[in-house]
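Several structures are given next for inspection.
Two complexes are shown next, each including subunit A; its partner changes from subunit B in the first to subunit C in the second.
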Partner chain A sequence: MNRRLRIGLFGISSAGLTALMLWAVAGLPAFGDYHHRYGTLLKKVAVSERHATNVVTSIVFDYRGFDTMGEELILFTSVMGVALLLRDVREGADRPRDAVVSDALGLVGLAFSAGLLVLGLYVIAHGPITPGGGFQGGVILSAALLLVWLAGSLRSYMRLTPTPYVDLTEGTGVGGFVVTGLVALLIGTPFLHNLLPYGLAGKLSSGGSIPVVNWATGLAVTAAFLLLYNEFLEERSFVIAGKHK
Partner chain B sequence: MSYLPYLLAVWIFLVGLFGIVRSRNFIHLVVCLSVAQSATYVLLLSIGYVKGGTAPIFKDVKPGTKAVDPVVQALTLTDIVVAVAVSALLLAFALKAFDHEGSLDPKQVVEMKG
Partner chain C sequence: MIPLQAMAIALVAVFAPLVVFTRDIVRLTMAASLYAFSLVVLFLIFQAPDVALSELVVGAVAFPLVIVVAIVMQRGG
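After this line comes the complex of A and B, so read on.
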């Protein structure tokens, strides 16, 4: 299709779409004046019911835990899809040579990497208490390991994150989430029902099964991102090394 | 004025769509899709906003303090994760298309002409 024709068509159809969206906006509650029954109720009862002070986390991993499991499976499936798409071409090929970087860069990168590791673990651990959780902390943890590649070499990054082990971690994380749900089911309560003692609000162990599911998610997200980095980095290094077909 | 954040979301969505339509590069296209998708974060978060409310985290403030809606925040988290998953998969497809056709331009990729 002609480029100008395409943009013209987009102009006409987006004018219609804009009109529809403005219509929808007119029906929304005025900004700053939202009082939905569900959210209002949870704000009132979530802390006393689950002893987790971060209500968003108790929604993600408890009240809407089943929904989050679906979300995690979406992440899992798409990472497997990426692995499936990119993994086949490199079978049996040898590793490309690494670029040499300065010692100063390596040292600073290592210091940052250590700091990020601690921050990532902190963010996951405090998910039920303060802002954070398995998803956010998992991304930070994977970034800490990616720094090894940025400041060091691809070789040391790959040695740090061998794909079979990352695969295993990914499976353990996602599996841990599902098994926590199934255990509740086996006991005779609804799927993902919060079974464990709720503990003291504001403590790391508070929230019953929320910390368990939270850590499982942290593990799964860290591994999912590491797998993505691994697949893309290997693909990229082969393009650069000229070994790509 | 009270509808401005919603209009911002509409605008971000349209800008992203416009970028997708104009795109001549798969990677550019994925970025434009992310822009369009980020409109949903703005929309969700601005719907849940309560004037004068704090974050729905009752660590240092008493439970029952006026706070913004936690449910839409949880939905936004889901939204972001799905966006990452979609981007990763699409970028992998872009790499594959480059492998096969030697180009990232949708016009050059035979199966995508039209």
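After this line comes the complex of A and C, so read on.
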């Protein structure tokens, strides 16, 4: 297919797509004009039913908790897939010395890492109250730890996140989510039924089972991203070690 | 639509083609982060702070980090 034909084809199809998109946008309800039954109902009852002021979190970890469990298992499975593919290829590769030599970079990185660590914990803990939760906080926590590599050295990052412990954390997080659901099933209620006392709205412990599932998700997501980074970094040091031989 | 919302959409419209037309991989990573950031602003202005936070951590933290590591790997240093 020559260039002129391709550009022509692109022009026609992008014009068609633009027209369809504009048509769709024109048919959108006005901003703030929301009439869906499910959302309207939840907006009315969620806070008084679950005492969690962040309705998004109570939907994600309670009303639609089963969906979220599926999503978490997707993340779990894909990280396991990466680990399976990359882990056995490189037994006994030497770790390169790659410490960052700039003191300024190290200091700034360390300060950022400490701040991110606190921010990550804050975002997870406040999941039932304000925007955020286990997923967002978990990624922030993993980034805080990765900064140790970016501003320090691979050696100290690897020492900080030993793969067996990260594996264990990952399993505990995902397992905690599933077990919370199974406990509800065992005492005769639906799977993932919210069975803990709901507490006072606006407190960190409010929402019954929501904080439990939220923290389990936080652990699982932190560990999943750390495992992903670890596999990539190990792969990288293997490539470098291979070059040196 | 209020002007602020129009500005947020315009910002996304500026950064999206930037991602498409950038060829150099390092610049592409930065362009993709900027695009993600413009989406964060969009979500925030349209009052979806939870989605904004998710987009922030994935688009501005996790995705660029994986790409940066991949670039370092590819260059072998």
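In this text, the second predicted complex is superposed on the first by the 203 of 245 C-alpha atoms of A that agree within 3 Å, B and C clash if a C-alpha of one lies under 4 Å from a C-alpha of the other, contacts with A are read in each partner's own complex, and residues count from 1 in each chain.
By our rule, a residue touches a chain if its C-beta (ideal position, glycine included) is under 8 Å from a C-beta of that chain, and two chains touch if they have at least 3 such contacts.
If you're wondering where the values come from, they're calculated on a predicted model, not measured in any experiment.
Trainee: Taking the superposition as given, does A:Ile140 touch the first partner, subunit B, the second, subunit C, both, or neither?
Mentor: second
Trainee: I'd like to know which partner A:Leu233 touches here: subunit B for first, subunit C for second, both or neither.
Mentor: second
Trainee: In the superposed arrangement, which partner chain does A:Asn54 touch: subunit B (first), subunit C (second), both, or neither?
Mentor: both
Trainee: First (subunit B), second (subunit C), both or neither: which does A:Gly81 touch?
Mentor: A:Gly81 sits against subunit B, while subunit C stays out of touch.
Trainee: So, A:Met21: does it touch subunit B (first), subunit C (second), both, or neither?
Mentor: first
Trainee: Which holds for A:Leu119: it touches subunit B only (first), subunit C only (second), both, or neither?
Mentor: In the superposition, A:Leu119 touches no partner, neither subunit B nor subunit C.
Trainee: Does the superposition put A:Lys43 against subunit B (first), subunit C (second), both, or neither?
Mentor: The answer is first: A:Lys43 touches subunit B but not subunit C.
Trainee: Which partner chains sit in contact with A:Val179 here, subunit B, subunit C, both or neither? Use first/second/both/neither.
Mentor: In the superposition, A:Val179 touches no partner, neither subunit B nor subunit C.
Trainee: Report, in rising order, the residues of subunit A that make contact with subunit B in one complex and with subunit C in the other.
Mentor: Of subunit A, residues 31, 54, 56, 131, 133, 135, 228, 232, 235 contact subunit B in one complex and subunit C in the other.
Trainee: How about subunit C: which of its residues touch subunit A in the complex?
Mentor: For subunit C paired with subunit A, touching residues are 1, 5, 46, 49-50, 52-54, 56-58, 61-62, 65-66, 69-70, 72-73, 76-77.
Trainee: Applying the document's contact rule, which stretches of subunit B touch subunit A when the two form their complex?
Mentor: That would be residues 2-7, 10, 13-14, 17-18, 21-22, 46-52, 55-59, 63-64, 67, 69-74, 77-78, 80-82, 84-86, 88-89, 91-93, 95-96, 99, 114 of subunit B.
Trainee: Give the list of subunit A residues in touch with subunit B in this complex.
Mentor: 1, 6-7, 10, 14, 17-18, 21-22, 25-26, 28-36, 38-40, 42-44, 46-48, 53-56, 59-60, 64, 67-68, 71-72, 74-75, 77-79, 81-82, 85-86, 89, 129-131, 133, 135, 202, 221, 228, 231-232, 235, 244-245
Trainee: Would you pull the subunit A residues touching subunit C in the complex into a rising list?
Mentor: 31, 54, 56-57, 123, 131-133, 135-136, 139-140, 142-143, 146, 225, 228-229, 232-233, 235-236, 239-240, 243
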